[in-house]
Amino acid sequence: MLEVLAQGAFAEPMASITLAHYLVLSGAMFVLGLVGFVTRRNLIIMFLCTEMMFQASGLALVAFARYSMNLDGQTFVIFVLTVAAAEAAMGLALVVLLFRKQESLSAEVWNQLKG
Amino acid sequence: MDGCIATTLGAGDPGAYLPIFLMIMGAIGFACINVVGTLILGPRRKGETKGIPYESGMTPVQSARKRFNVRFYLIAMVFLVFDVEVVFLYPWAATFSNLEPQSEQAFTWLVRIMFFLLTTVVAYLYGFRKGVFKFD
Amino acid sequence: MLDLAPIAMTLAADSPAAVASAPAWVMLIPAMPMIGVVLCTLMSIMGVRSKLPAFVTVACLAVSFLLTVFMFTGHSEGWATAVGWEWLHYSWGDGNGQNFTANFAFAVDGLTILWMLFVTGLATLIALYASEYMATDVGQGYNRFFIAFNLFVFSMACLVMGSNLLMLYLGWEGVGLCSYLLIGYYYKKPEAVAAAKKAFIVNRIGDVGLALGVYLAFVHFGTIEYTELFASEKLQGYLHDAAEGHWSHIPWQASAIPLFLMVGAFGKSAQLPLYVWLPDAMEGPTPVSALIHAATMVTAGVYLIARTYPLFQVSEIALPIVAWVGTLTALLAATIGMAQFDIKRIMAYSTVSQLGYMFAGLGVMTSVGAGFHVLTHAFFKALLFLACGAVMHGFAGQLDLRKLSGLWKVPGWRIVTIGMFVGCLNLAGFPLTAGFFSKDMILAEAFVTPGFALIGWILLFTAGLTAYYTFRVFFRVFVGPVEYHAGDDHHGDDHAHDDSHGDDHDAGHGFHPHAPGWAINFVLATLAVCSIVAAGLYFIGDHGWVAGMIHDSTAHIDPHGDEAGGSHGSAALFGLDPHKAMYYISSVVGIVGIIFAYAFHLHGRKSAGEAPAADAFKAALGPIPRWAENKWYVDELYQFLFRGPLLVLSHIFRYVDMLLVDGLVNLMGWLPYAVGGRLRRGQDGVLQSYAASMAGGLALFLLVILLLVNQSA
Amino acid sequence: MTDKLIYLWPEVTLFITTCLVMVLGLSPQAEVRRLCAWVSAVGLTVAAGLAANGEPDPNALLPNIMPFAKVVIAAVGLLLLMLLAGTVDREYEADIESGKTKFNPLRSNRAEFYSFFLFSLTGLMLCASAESLIWLFLALELTSLPTYIMVIISTRGAKSQEAGVKYFFLGALGAAFFLFGFSLIFGGTGATHFDDIADSIAANGINPILTLGLLISMIGLSFKIAAVPMHFYTADVYQGAASPVSAMLAFVPKTAGFIAIITICAAVGWNYGPNHTSLPEGLRLVLWITAALTMTVGNMLALRQRSVKRILAYSSIAHSGYMLVGVIAGPGPVGGSFTSNGLAAVLFYLLCYGFMNVGTFAVLASLKHADGSEADDIDDIRGLCSTHPLLGWSMVLCALSLLGMPPLLGFVGKLGLFTSAISAGEYAIVIVLGLNSAIAAVYYLRLIVTPYLDKPAEQDVLRVEKVGIITRPMVAVISAASVIGLVLVAQPLIEASSRAGVATRHGDVHAVEQAAALRDDINEPRP
């Protein structure tokens, strides 16, 4: 499958690792994060999964920045890191609070609001 | 900008969507195989052990919940936030030395980073008022 | 530059749309009642428990009235507009009908001034009356009443003064809303709530007609501003065709407009077949009945037709329909009124009947007659209602004419009786009263207009019936032996209940009616004087003052090639000038009616409940009086025609599916409900399933769209 | 970049106010702490004034969006501030006053609550000024992150914590989506500035990576506007949060999302399709399906609710669907009026929705049960017109307006959406919109009939009482008055939104002349 991609659209004759490789890796990270978010019940793991999705975007950004020689992409990554850190701070505080309340980190205990 | 992918791909060519499609399929497929693989191969246990903070298989000998002082969390978070500020200082510092000294541009850059640091000061002030830095 | 200026000026002068601008204070006329609304609302919020809202209302409305008088004296001729602000402006092209403008603006001409004079004048007087009438409700109810009262006057002012059909529509809905709120004022009484609902629903039918008419007018003529609409070349062309008799040259869209507008007018002015709400509307407080449901709001239909008279003239059938509907309504309502016992209801049917006269007047092309009748009717009908209200107020809600008698001799009721007498004379068309002249104008015009003689005869007959049922009330209630029974109903439970009276109110003795106070008497006296003086208006100017006002408006017509409303050289009735002939004929008819009333209801009557002559005559007529008393079963007929089948239908659906309880509406509602129920299962409150749905949604969207784009690309 | 600063004074003002409030709210003196709300109000008013006098930016894709959107944000923000006042720390402050406890900055939430609110509004305004993907991303996050915490601290109950969990985690997921989308847009065009993106698209056309990026970012952004398939959190979160915060959630992130969607679509341009008046097929299709599903799902879910807040939440979902119709329709022909400009319709509708929605939530926020819990059940508003007339009528008016009843504000707003979609030739979605308006009538009528016609049962009379915060009923009444009053001044508002909805890159054929005309327009002294 990778060969198809490499020979098709993204072939760069010189490089052995092409943009396509980065993109597939980034896509896989994104989907893995997504799948992890959906399947895991532990709030911390779920949060780490969203971080993974963020970093997938970061990887794609860096790869694209390198490809199009536009450093804006790399700047973007720094900002993404900051936002991810802020979100992490909030997420961890939230997890602590929730754990104190319910004595569990499972996401399933929070199901009173529905319908 | 000339290097952008559009030129390589050729817009409007229906075949151009095939690699994208395959790429998505590949990404989804890879992820799904992993998940399905763990479902099939991995042992499945449910219960209390699964809900505990450490999923490494270690059974905690006693409740993990000791009464840590809440300040530990606060310090951890303050560190996290202030730590990230530095990320912005590095690129700035690396570029600033290349600017022409005394130029208007250099001045603008200085003002900008000062404003940025000022916001950090406000955050510090807030933390101070909140009592994060009191260790009594 | 210099050469062009005179040309431009000539163009401006020639252009029919050139309109004078009215002084800005004209906008204060609708603004004053709005200020009243705000003040009364504030008082309501602050929990004022005094008569303050009433006096604020009277003050605001009086200022409004004075300004209207200034507007009248300062008005010269033709249109004068005052633009409040540019309100709505949509355009989707440059062509005709692609540019929708409706400004919050007011346009003044003779018709507007005529209407505004009696609307604000009567509103002031009736607010004063209500300050005493509603006194037992002081507090939140009192405040609520005056908020709605002010809002009504504001809406009515918008309706009458607005410079475009959208403003008219806005006011139209506004007065409908206020009418609804005020009919349902005693909301604890189920009848009042039902009456309010009925009025609301019946009016909605009319409003749909009006809305369609306005829409069609916009689509066809490309504007709804009066000044532009009536001056438009299209309309002038149609009018020319109509005058020449080339009806086929007029497109059907144009001739359909009046038909839709007519439906609106029939709804608001309680004409066949939409009149059923008005008698029930009497459940509201009497000042409301007097102002809204007798004098002003119900004449909005007449106003609408008079205002859009040129539109009506481009349809061959519109005005004849109006004439016939009006005539039949007049007759039907009069027959029902003859058999009722509730004096307020009798007045309500007489209102329906008199409105029928006005429509007939419009239909036979005497807008002057209709306008004059609107004016005189406003005064004497308000007077009659307020007198009835005083009786109701004084006798604890008693309105049955079989339980009241000889009020003239009860201390403190002289002014009410005199007021009632003046009102009755006017309504009965007694010679030389205002009602006499205005009715004669309509009757005479019906006889001289070719093809409408039958209408004239029916209306003449109805005039006799009117005289009869009017004086039936007067002879039963106000003269004859003294006897009275208190009403068992303290209207709407809101009236103060004086225990010393309440114990044995059916006995007739022991109950002491409380005579009206200064406010009620003052208002009644003023109105009585106004009703008498109104007759004098007929002798001002060439053809009466009203004719002058109407000529200066869109309702002005020249149907026979000579002065409208004047004598018609060629036409004659019994060899006399039709108006002169009508003076004699209708005098005789009116007096005969009164004599019948005397013979049946005063002569030889010993008690309040029994009138031997009338009862004997009634027995001779068989079941007819009972049918009339039951309003010819029109309500039941409507029930049978519309509600009955719907109920049956809903029962059928009920068997089809238990969910379909209320008929068709719920059938359409069912599907979303069912789907909603299914969808709710997705909202199970678990984080993971939400996330899974989101992820699934993303994947699904991407696949679908990539596949679709792939195919189409 | 530096030139852009002159457009950012409202944001700067808000930021300074935020810093002030953050520090003031932690003062040991109760009087100083009470200043928070007032300082915030002053800051917002100044920001509104600055925004109203703000200059349009002729170089932006939507040159006039800034003044209009920012004024709307500040105006609705002021209403929201009045509504939010007194939400947190009421018991705590009372305890301090009575001497039961001493002030502990770690326990106090007031400073955070107000400053986070202002942060969120700052982020929202920054969305309107965004000129690049990075900026837009940061602004969106600045809008959202504070709201997560506001939800959690809005009440002390477990419900708001549950709402917070769901909102935060799903929000992070949504953010990851649109971030990934943004990175692909960057990849597809090689630029982050919207100007450059538009240039690149104009020069090279749409490529698959860009299409994919646009789709994923639209789906990610549909979390902000609560649209299908990211709508699941809405009802739970609105129900769990305190009513004032729910009111804020229904306006602030939604506005941010719509501004972001409009900006991105403006970079792509409405130059595709047979008449060169619609978005590229893929983007149009995703918005189309989202819009249709969103309104349908939202309305159907609302039908069978008992909780007023859930009804309003689902109605908020449905309204997002309505507004997406305007985005699909696009800015219409060059020089067209409000009736053909879908973007203007969306911006105007956001304003309408802000007022009506705040009004309904304010009515709920003004009521509480005897035990202090929030009013939420439909029975709580039964017969409200007779027990609390002002609140009852406010509810009736706002619900009528949400229903789109002429001549109220909601009708004027919806009219624009309808006409713009018709003039863009999107008849199918107009039919869906019409059908949905009919379905929606069913549950809005419940909100109208229950307070107005239903009489409270005997035991219901004392069921709810007014809360002791005077500003909340005031907000309800102001909103209800605006629902009527703003119709009377609809013309200037419509004109302003029509100006705001002009996209320079739209219709590249005309782009040059239009931008020139616009610059002339801007340079003319305004009255």
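Order of writing sets the labels: A, B, C and D. Residues in every chain begin at 1.
Quick note on the criterion: contacts are C-beta pairs under 8 Å (C-beta built on N, C-alpha and C of every residue); 3 or more make two chains touch, one makes a residue touch a chain.
If you're wondering where the values come from, they're calculated on a predicted model, not measured in any experiment.
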Would you mind telling me which chain pair, A-B or B-C, is linked by more contacting C-beta pairs? A-B
The chain whose mean C-alpha position lies nearest the overall protein Cα centroid is chain D
Provide the C-alpha centroid distance between chain A and chain B, rounded to the nearest whole angstrom. 9
Averaged-CA centre spacing for the pair chain C and chain B, given as whole angstrom: 71
Between chain A and chain D, what is the gap in Å from one C-alpha centre to the other? 27
Between chain C and chain D, the Cα-mean centres are separated in Å by 44
Could you list the positions in chain B whose residues touch two or more of the other chains? 1, 3-5, 9, 12, 16-17, 19-20, 24, 28
Residues of chain C engaged with two or more neighbouring chains: 680, 683, 685, 687, 691, 698, 702, 706, 709, 713
Contacts with two or more other chains occur in chain D at residues 165-166, 169, 173, 177, 187, 190-191, 211-212, 235-236
Chains as vertices, touching pairs as edges: which of line, ring, star, complete or other describes this one? complete
Chain A to chain C touching residues, read off their complex: 34-35, 37-39, 41, 46, 107-108, 110-115
Chain A contact footprint on chain C (complex, rising order): 680, 683-688, 691-692, 695, 698
Which residues of chain B touch chain D once you look at their complex with the stated criterion? 1, 3-7, 9, 11-12, 16-17, 19-20, 24, 70, 108, 119, 122, 125-126, 129-131
How about chain D: which of its residues touch chain A in the complex? 132-134, 137-138, 141, 145, 148-149, 152, 158-159, 161-166, 168-169, 172-173, 175-177, 179-180, 182-184, 186-187, 190-193, 235-236, 239-240, 305, 307, 310
Chain C partner contacts - residues on chain D that touch it in the complex: 165-166, 169-170, 173-174, 177, 211-212, 215-216, 219, 223, 228-230, 232-233, 235-236, 281-282, 285-286, 289-290, 297, 299-304, 336-340, 389-390, 407, 419, 423, 438-439, 442, 488-491, 494
